[in-house]
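What follows is subunit A paired twice: with subunit B in the first complex and subunit C in the second.
Presenting the complex of A and B:
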């Protein structure tokens, strides 16, 4: 029972981590609090479902198309909707308020479009839901695949951030945006890439999510909130922090559901969140200042 | 031809005029020091050249090209590197990453490896601490990181804003020894300094900036012990209180 719960927790945590990685890129580096983040994820989930049920495109194959789509969509969104806000914002607080308002509007547009197309039902599809035996635990193949995809994508992002020129620029902007132009970094350009990369992670998260969960046209809001909780727990802009916090939350939720009461998972999530805010406001892995 | 040519530069913050009709130039291979008391406008001048503040009027030419409309990151690409007051390093990144970021401009990438070697020879202390977070180092070491990072961009013009600020006298002495070696390597430099003696010792030529105006220009040797210079610093103290 313990081991199977841990395994389920890892699967859930992997998706959470993936989702939070994208949001921490957008919030920590582009300085955009994107309230429509979860809706992009759900849009990707719908696309995956549509591809699978109507055109028999397997989800991992669909991912190859949907992830670049998420990147391009988010890049254009930044360029045409958010960059004007960045340019006119006098300080970080002003940008935060403007971006929250703008993406709050976007959230309703996206949910409206999805409601219009799909209606208010619960959706999902079954693919590879046969159980396999792993160390004595019976677990659905699609869950293992979702975990593997999450780990693979997180690893890929880690390599991009630590091994590439863009990654170094991302780290510089996350650490001290005002110092980045001193070394020739075009902060606006890097912010656009970070936002787009975050959108790509959301799309990837959506594909993985659709493989293991059912969803509705309005599921995005809860996902945004959960991702935000993880981002703050991990420390805003802190990628390893988001990864660890994502897994921690997934494992906590499954343990609370298995050993205490499934109805308490949300309460547990926000309980931990409150505790972190009170004791470590910069996140579990955040630095004291700077 | 001058490498850097600033003509009739004015910088205003609201109604306060920080710089008034300032004209200076720096020739290829030359080291120029700007002397002036607190509040004389030295930092405004550096920031205007680096593109961190927009001038109210006047023009800035670098290598014969007008750069007034270029954003600051493009000026770095063109060959101007600024070590600002307060250093502007990335405290949360390692010394290695700070230096690597110095080599971010396209122009600097090709020889990044050999430039890194040069920087580490110049500042052996940094070589021992490549993996340390830059923010956890002492003030003098952070200044080394900032200068090393600027050198990494293979600048044609290296600008330093108050490099000795907050450093112990012995550390300042060491730092100016290091800068002397950068100068000998042929890099043009524009240095703002309150430490008049150290600044004049390093420079070929100097300008005296008082209350936003250039009041004197002379060879560094001629400015040493000049009564105008000492008076400017005493007068500057009054100007500093806006």
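Presenting the complex of A and C:
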């Protein structure tokens, strides 16, 4: 019972983390609080579903196309919609408010377009729904795939950030945006890349999400909220932090459901969130002072 | 866009009537459209339900009527339907405002109901005050008899939680009496209006039917992972699983049960089981799954309606409230044909008349539709009605449910 609950929690946490990885990049490095994040994810889910049901394109193949699409879309979005806001903003707080307002509008545009195309229906499909036996616990193959993807992406991105030149620039922009230009970093360019990278992650998350769950054109908002909780818990901009926070939430939920009462899962999630905010306001893995 | 179109139509109508009065002809009255308005959730959390059950049927009915030349009037003339539509954005204050606007500014002849129990209750006092008949189709409430008395022009089409719970208890109780199941039930319910109503009605009903509830848990709205819950149910040695769930949960639980190879003799899930998408999400391996609603699977009228709905909306209807929604519109149409666009007379006719709909001969009892199917089961790709078993057209339940293929 304990072991199976732990595994269920890890798998659930993996999908949570996958959903949050892109947002932590966008918010942490580009300083854009993207409220339309979940809607981009859902757009990717729709594309995957369309590809699978109409053209029999398997989700992993679709991912090869959709992830670059998410990158390009987010890059252009940053260039034409968000960069003017960044240039205009006098300080970080002003940018935060502006970006929240702008992406709030974008949320409605994206939901509207998806509603127009797909209607309000529930969508989903069945792929890799069969179970694999993992140490005696039966787990859905697609959920396991999502877990693997989350770990791979988080570690891969972490390596990019810590081991490459671009990563160094990303860190510089994240930590000292005002000093980064002094060492020859094009802050705007780096921020645009980070935002686009976040969009690519959202697209990857959307592909995985569509394999696991049903969705509607308006499911994005709930995803943005969940992702936001994880991003803040893990420390803004912290990739391994998001992964750990995702796991923490997933495991908490399954343990509360199994050993206390399934009715208290939401309460437990937000209880932990509150606790982290009180004890470590910068997140589990955030730096003590910004 | 929509507003522009409406204004356009209004201008056209105005121009037409001016021309008509200048010319001194009285023919304009006949060709003037009947204005029918509605506010439904096109966006927000309720959009999924409205998009499956309500909107496609409104569109199909208007198309059917207008293609046939319009609504027939008692004098034999025909008038087309002009639709005025608002999005209530899944907010009950918004739906109330929209209904008020439809009645006072758009001056529509009839108002079709929004989707969902809460929204129908929200507009009921207003509809009553404004004098519009309310065909509250997608409203599941045990208080329907009371409401029908309080608001004389309101009509309730989908029964109450008690009806569904008691019918399910009877299906399982009968199976127990026949020695097909032991009658140990694991029941889970969503902690929200519908789930609470049904579980409260189900607890005494299960006891009455001699069933033993071995697991009884609730889960919060928006839960996305059911592996733990299903594992619990599997470990409880229940041979009947009952979930009073909402659509996303219904799909999630089905998938989780397949993965866990959880094969109780009775597998019942809530709202969404009757949706066409259920088959896509759960795979074709769904024979034996029970849920709310059902249709008379062998009725050619229903088969024809499914075909026309598929042609018009690009997908088949759901097998619970869709056919009832369409039938309610047929009733409205026939009532207008008999008494004209007089709202008072139409309400009276709906209350007392007998109608020929896709459900067969349809008649309301105390302003409520009671000839309903309470439990359905997937059989050969159709969500066939199995309870009440004594009604004509009921299919024989498949118990025990065949194991999931894995």
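Heads up, the rule we're going with is that the second predicted complex is superposed on the first by the 289 of 290 C-alpha atoms of A that agree within 3 Å, B and C clash if a C-alpha of one lies under 4 Å from a C-alpha of the other, contacts with A are read in each partner's own complex, and residues count from 1 in each chain.
What we mean here is this: contacts are C-beta pairs under 8 Å (C-beta built on N, C-alpha and C of every residue); 3 or more make two chains touch, one makes a residue touch a chain.
Computed from a predicted structure; not experimentally measured.
Novice: Should the pairing of subunit B and subunit C on subunit A count as a clash or a fit in the superposition?
Specialist: Because the two structures are overlaid on the shared chain, the partners are seen to fit without clashing.
Novice: Looking at A:181, would you say it contacts subunit B, subunit C, both, or neither? Reply first, second, both or neither.
Specialist: first
Novice: Touch check for A:94: first (subunit B), second (subunit C), both, or neither?
Specialist: Neither subunit B nor subunit C is touched by A:94.
Novice: Would you sort A:131 into first (subunit B), second (subunit C), both or neither based on which partner it touches?
Specialist: Only subunit C is touched by A:131; subunit B is not.
Novice: In the overlaid three-chain picture, which partner chain does A:171 touch, first (subunit B) or second (subunit C), both, or neither?
Specialist: first
Novice: Identify which of subunit B and subunit C touches the larger number of residues of subunit A.
Specialist: C
Novice: Given the superposition on chain A, what is the angle at the CA centre of subunit A with arms to the CA centres of subunit B and subunit C, as a multiple of 10 degrees?
Specialist: So the C-alpha centres give an angle of 150 degrees.
Novice: State the minimum pairwise Cα distance, in Å, between subunit B and subunit C in the overlaid complexes.
Specialist: 37
Novice: Once the two structures are fitted together, what part of subunit A is touched by subunit B and by subunit C alike?
Specialist: No residue sits in both footprints.
Novice: Report the residues of subunit B in contact with subunit A in the complex, numbered from low to high.
Specialist: It is residues 50-52, 71-74, 76-77, 81-82, 84, 88-93, 97, 100-102, 104-105, 135, 149, 153 of subunit B that touch subunit A.
Novice: Spell out the residues on subunit A that touch subunit C in their complex, using ranges where they run on.
Specialist: 1, 4-5, 8, 11-12, 53, 111-112, 115, 119-126, 129-131, 138-140, 213-214, 216-218, 222, 250, 253-254, 257-258, 261-263, 265-267
Novice: Please output the residues of subunit A touching subunit B within their complex, sorted ascending.
Specialist: Interface residues on the subunit A side: 165, 168-169, 171-172, 175-176, 178-187, 287, 290.
Novice: Enumerate the contact residues on subunit C facing subunit A in the complex.
Specialist: Per the touch definition, subunit C meets subunit A at residues 41-45, 47-48, 50-52, 55, 188, 191, 217-220, 222-225, 227-229, 231-232, 235, 247-248, 251-252, 255-256, 258-261, 272, 275, 277, 280-283, 315, 406.
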